[in-house]
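Notes for the one structure printed next.
To keep things simple, chains are lettered A, B, C and D as they appear, and every chain counts its residues starting from 1.
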Amino acid sequence: MDDAALQNCIRECMQCVQACNRCYYSCLNEEDPGMMKDCIRLDRECASICFYAADALSRGTPFSASIAELCAQICDACGEECARHEHEHCKRCAEVCRSCAEACRRIAAPAA
Amino acid sequence: MDDAALQNCIRECMQCVQACNRCYYSCLNEEDPGMMKDCIRLDRECASICFYAADALSRGTPFSASIAELCAQICDACGEECARHEHEHCKRCAEVCRSCAEACRRIAAPAA
Amino acid sequence: MDDAALQNCIRECMQCVQACNRCYYSCLNEEDPGMMKDCIRLDRECASICFYAADALSRGTPFSASIAELCAQICDACGEECARHEHEHCKRCAEVCRSCAEACRRIAAPAA
Amino acid sequence: MDDAALQNCIRECMQCVQACNRCYYSCLNEEDPGMMKDCIRLDRECASICFYAADALSRGTPFSASIAELCAQICDACGEECARHEHEHCKRCAEVCRSCAEACRRIAAPAA
């Protein structure tokens, strides 16, 4: 596998963990966390898969393609939800999720 | 180390992950999640350390005492917060946290 | 989703973490760990995905089907490798992996 | 808490996960993995706590001091073991572990 793509994907996943955890934390501190509950839930889902993926990829897992595919799917969902909100932490998180999903797709289905 | 105490602690940690995750999920679905935000946050903290502890203990970590001590501390905090609320999922979680903290303390500081 | 199937899958995943971690630990202590290196590696892969899956399923993840499918795939691989060896811990692990893979498949593609 | 110290610690933990996972992977591929078994084991321990710590710190855990203290202790142990070996991956891992332990100690016991 393309080692640069792999290293890039690990880095993106780690950044995504941080963006999602920050968004999660900030959503819980918004005036009405009830409004943000889908965002809170998806932030946790996304941080969790990105962590798992970064860990697995960095130890040379033989299942990198399947793992990256799942990770891209969850990043998409989180990114879409975050993009619906106006908070800075949500917008930032949406961007990072999209970028991470792309990096994952390059691992899931490497270009010929 | 006393293997029965260790196996018991692993089992308690795994049950605690489930109780905390269920409480977390249910708190987010309550009418006013904002009221439950400390509970939501501590449920996640507690599920996270209990998972880490169960995993580490089950692979024979040489750091069992220190890990179990940290786990007991976080279970205590989560159990106290959950005990403040009347929801069934909170009361159940408070109980499981207390029981898990005890099991951890037997690993952290085994009786002479 | 069928809640009994879900609870069963969480339980199987948690048992699989324990069986894989025990097998991992025991393989590293065999006279010639070099002979067991694929088993060591897959034990860690399998413990890691089963942990992630149990955690995600127990917090009501909306991605249960995809996660369970990935988990089944990795359990299969680990179970096959373990089945090649005569050590008690490997044979036990092979069995638990197969049973966990089945439980995951019931979540991944629920019977009509 | 000093936010720069916190961000630095998260970054160090994430780098340490990668160094430990790489060392783990490489040790298993050495000619005689049996010689490296303490290193393999500690690499996994260290990757696991650093992951947990980075995740917890990045979601604003209220238990940062205790978590960072445990993380520093395990980084020390892994760094010492790695420093005994001549492989490039071990030497690199030893360095990263030491640097991560320092960053954790600044969180565990912030200077007055």
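What to note about this one:
We adopt the following convention: a contact is a pair of C-beta atoms (placed from the backbone, for glycine too) under 8 Å apart; a residue touches a chain by one contact, two chains touch by 3 or more.
By chain, with names taken from UniProt: A, B, C, D = Four-helix bundle copper-binding protein.
The shown structure was predicted, so the numbers you read here are calculated from the model rather than taken from an experiment.
If you compare B-C with C-D, the chain pair joined by more contacting C-beta pairs is B-C.
Inter-chain spacing, taken between the CA centroids of chain B and chain C, is 23 Å. Centroid to centroid, with C-alpha atoms defining each point, chain C and chain D lie 26 Å apart. Shown for chain A are the residues that touch two or more other chains, namely 41, 44, 55, 59. In terms of inter-chain touching, the protein chains here all touch one another pairwise.
Against chain B, the residues of chain C that register as touching in their complex are 10, 14, 17-18, 21-22, 24-25, 47, 51, 54-55, 58-60. Across the interface of their complex, chain B is touched by residues 28-29, 31-34, 37, 40-41, 44 of chain A. Against chain C, in their complex, chain A makes its touches with residues 41, 44-45, 48-49, 52, 55-56, 59, 61-63, 66-67, 70, 73-74, 77.
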